Amino acid sequence: MVPELKIKDLKASVEDKEILKGVNLTVKGGEMHALMGPNGAGKSTLGNVLIGHPNYKITGGSIVLDGIDLTDKTPEERARAGLFLAFQSPVAVVGVKLSTFLRTAYRQTHPEDKVTLTEFYDRMKVHMKKVGLDESFMSRSVNDGFSGGERKRFEILQMVMLRPKIIILDEIDSGLDVDALKLVADEIRDYYSENVGFLIITHYQRILKNIEPQFVHVLKDGKIAVDGDNKLSLRIEEEGYDWIKN
Amino acid sequence: MEVEYSKDAEMEKLLEDLKNSNVKKEDWEFHDNYKPVYSTGNGLNRKVVEEISEIKKEPDWMRRFRLKALEIFESKPVPTWGPDLSGIDWENTNYYNRPDEVNANNWDDVPDEIKETFNKLGVPEMEQKYLAGSVAQYDSEGVYHSLKKVWEDKGVVFMDLDSALREHPDLVKDYFCKAVPATDNKFAALNAAVWSGGSFLYVPKGVKIDMPLQTYFRMNGEATGQFEHTIVVADEGSKVHYIEGCTAPRYDKNSLHSAIVEIYVKKNAQARYTSVQNWSKSVYNMPTKRAWVDENANMEWVGGSLGSKVTMLYPSSYLRGPYATTHNLNVSLAGPGTVKDTGAKALHLAPHTSSRIIAKSISIEDGKAIYRGLLRMNKGAEHSRSHVQCDALLINDNSTSYTYPHDEIYEPTATFGHEATVGRIGTEELTYLRSRGLSEDEASSMIVLGFLDDVMKEIPMEFAVEMNRLIKLEMNKLGAVG
Amino acid sequence: MESYPETLKTRLNDEAYEYRRDAFLAFLKSPVRNYKESPTVKDYVEITDDELQEMLYGEMKESKESPVFSETANLKVFNEEITVSDELLKEGVVVTTMEDALKTQPELVKKYVFPRLGKERIEFLINSAWRNGLFIYVPDSSKVSIRAHTINNSSASFASKTVIIYGKESKVRYTDTYSTIGQGTGIHGKNIYFFGGESSKFDYLYLQDKSEGVRDITFVKQYLEKFAEFQFFHINHGSSKTLFVDESQQTGNGSSFRVYGVNFSTGNQKMDIRDSSFQEGEESNADIQVRGVVTGSSSTIHRGNIDLEEKAIKATGFYDSKILLLSKDGFANSKPGLEIKNANTRSKHGSSISNVDEEQIFYLRSRGIDDQVARGMVTAGFVGSIIEKANDEEFTRKVYQYAESLGANAFLATN
């Protein structure tokens, strides 16, 4: 079945301030979407609201994945349904080992898979190599003392290991140098298939040169102001956001 | 030690001042020959207390209150958990010294010798330039008070507490010894028994005073006690900044200063209390300062503790209403032969309250700087936050520093952090600055000021200049530093 | 307490009589601390004089149950009997009871034990009233690995004294587990003193997991000569009331003292965990890290003092305490102190008390992990990362087990 995420008239606020003012967007398997927009438009808010961050309150609308309403679900229920957010600045969890963390998460998102510990770790090592993380990271604490780039690589590692259906990448290119960006983009393209849909949140056009999205949306003042294809992102690179009217 | 260098232009100006200043101790440790008109003589007993009340023609409740407080004072032992207080000569202290009948609201009416003293300290000049109002106290009594008309018209009351007790008796009675009861500690009880002078400041609802109000305390007599009692009430939605400056001449005999400061910050109000004390090194400085902070109100304590022989001071904020906040910034300078036992207390009694405490100390020669603090989060103080930071700088090999924080947390949703460092001026920092052409003295001063920067920038300019001069002076006496 | 000198004469009239007597005098002279008037000092784990009397006059009761020792133990102590594996007793290593050592090792006892009466009131009393304990001697340049397991009857009350002397350039790894049998409410006092020779290395792993009625009072001291390195891992999990006082005595230049402590208070347990350094040696260093987890109606207080003396030129001292307060009825308190008497030093302390970080929990949940599981993982990581440094599988496993066994109830009260 081709997955489908339907965001309908989504409104959300933080500390009583409305940030999302009715967002409509559908992401299907096999589709690559880019969400662009000026600073403060609510891009990161959308990512956090989709995965269920407790600080954001949904005040209207719905989030539906494959017919299941996720609007009132907990973050873990959304993750288990197949939603994945690569965070812009992932938090460090001191003392929790990367290997334990990923294995626990995998067991809870894929209870049907009876993979052995060794097999799982072998699989992990293969992908660690691909995203450019040394094996020694397995016994380190989650994100603890990681550089900005290492955190981003680890987010991508989690994505390929947990095999979600709909993936939101929040500013995945920030903090990555050119080589690392290429590795990450390769890993994203490898994972991309008819069964996976992407929503790439970005301020700049940089990553979009490596991954060409079919759909580009511009979020402005809490709403999608323009929809288009990759030409839209090129125009934004040249002209900025000022020409877009709400 | 890490030092952040301030790029602030004002700070650069301060440094310039510092370089050019050539202050001498005599600038404030002089004493004039003014003789008190009335004095109760040395020692303390029922008769002395009754006499003080009699002279002041006080209402009966106050006389009875004083006598009760005297009993409490006598029943409490001298605290032994802190610095050595055996140098306080209770018997040979003069508990009440009255300069004159005068309490003027024009400097011309102040007796010449007293006026000259305040002139030397620059008080009238500051009043003109920066202040919305001021009170001056000489020994036990206020000798001068004024308030700009615009504030008087809005219902602001600012005068010495004795005058306030006569002119606004009910208002005073509502707040007197409520935040700091006489039973609080031995020195609070003493103040409640023999208090004289201090300020009374009432800011009505919604009135926001944009210039500070100031009181200047001067202790002149030898072996005198000064026991002022200050009450600041910031009514709902008001805003006020109150400043105190304190000095005394140098005598061989020890003097005792034991003040009470009570601050009431009502709902949505903002109050800032700044004090810079530069008592001479014969003074035991034992004040009790406390604020009650109600819903969504903010209390800021800014302190510079420079002089005195021994100081024990822990300004406290009782955060009584939701979203109440307090900041406490303090600089202590423990010069040669002196002890600074200072700190802060914050009690979180309601949800969503927050406190931030920054304490900096500098110990010079055998000066001893102690941080002692209490942080308490009561059960039900949900989602409250606090951060305490205390840093000590030791200037000489024989300088010492002690840090005794105490943190009690009864609420699982509260977040609390504490950090303390002790260090000295790093050779590398010193060398770096000198390699850019600064003299060793200049480099040390710059590092010291950088160390103090977070607090200094909150202190009014004229006081900051004074503090910088003093720090420089203390360090200069030692010759090369580092 | 008045009749105690009689007891001393009749019951404990051994080679250490004068030492016991002097220690008792020191106990009598030291004031009972009363800080009621102080704004900042309060004792939360109070040991009353009645309790101390129980400890003084208590009996070593016989146990009906037989003890179950850890399989890896090569030194087993059951009440007053000790069993030592032969492998330990090689190359001049001595492992015996204190009682025995008074007779067989008079020189060492005279040199190390008798001159040190202690520093604190209860510590003095234990030095006067000890009834059992171990005496261990490791000669210069030897390498030894001791895995001790001490099991006591939980209803017995007693004081014990253990002394470990290890020579220069020796290397010792000592795992020391204390547990009990039965559900008694005895009071156990113990002093454990280490004497580390020049350039020696000692790894000490301590675990206290007594049954929930026991009151446990422990004083640990490390006397470190120059370049002696002492690494201390301690876990406090059992007992209703725990007073654990650890202080280094670093007279040696370049001596090093590292502490990694973990404690769990649950139910109605009260724990007072103190780790301090006392540094006189030039370029000596101390680094203390303590972690506590508080659940139920229990209370934990962490105290630690870094004391850098006048002589301790270029010394460094760091203390860091973190407590997770997980329950509404729990109480946590931290009281770090710095006493710096020398400007040519570096020192720092930090402490924090909070619940688990909600951002961390959210991050784990966003990957599909249950809320409860996430909280358990973060808590286990919080304490586990400290103890893992000991590189001891048994200890690491215990700590994770303790953290995980806090179970769902530990987190119910949050949010």
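Labels for the chains are A, B and C, by order of writing; each one numbers its residues from 1.
Keep in mind that, in the parts below, a residue touches a chain if its C-beta (ideal position, glycine included) is under 8 Å from a C-beta of that chain, and two chains touch if they have at least 3 such contacts.
Note that the structure is predicted; figures quoted are calculated from it, not measured.
K.L.:
If you tally contacts for every chain pair, which pair is highest?
P.N.:
B-C
K.L.:
What chain is the most remote from subunit C, judged by the mean position of CA atoms in each chain?
P.N.:
Here the answer is chain A, farthest from subunit C.
K.L.:
Go ahead and note the Å separation of the Cα centroids belonging to subunit B and subunit C.
P.N.:
43
K.L.:
What is the distance, in whole Å, between the centres of subunit A and subunit B, each centre taken as the mean of its C-alpha atoms?
P.N.:
That gives a centre separation of 54 Å.
K.L.:
Could you please state the distance in Å, as a whole number, between where the Cα atoms of subunit A are centred and where those of subunit C are centred?
P.N.:
48
K.L.:
Can you tell me which residues of subunit B touch two or more of the remaining chains?
P.N.:
Within subunit B, no residue touches at least two other chains.
K.L.:
Taking the complex as given, what residues does subunit B use to touch subunit C?
P.N.:
77, 79, 81-82, 185, 314, 345, 372-374, 379, 392, 394-424
K.L.:
Over in the complex, which subunit A residues touch subunit C? Could you list them?
P.N.:
51-54, 74-76, 78-80, 85, 87, 90-97, 100-101, 104-105, 108-109, 141-142, 158, 162
K.L.:
Touching subunit B in the complex: which residues of subunit C?
P.N.:
Listed in rising order, the residues are 35, 37-42, 310, 323, 325-328, 330-355, 413-415.
K.L.:
Name, in rising order, each residue of subunit C that touches subunit A in their complex.
P.N.:
Residues 357-360, 362-371, 373, 377-378, 380-385 of subunit C touch subunit A in their complex.
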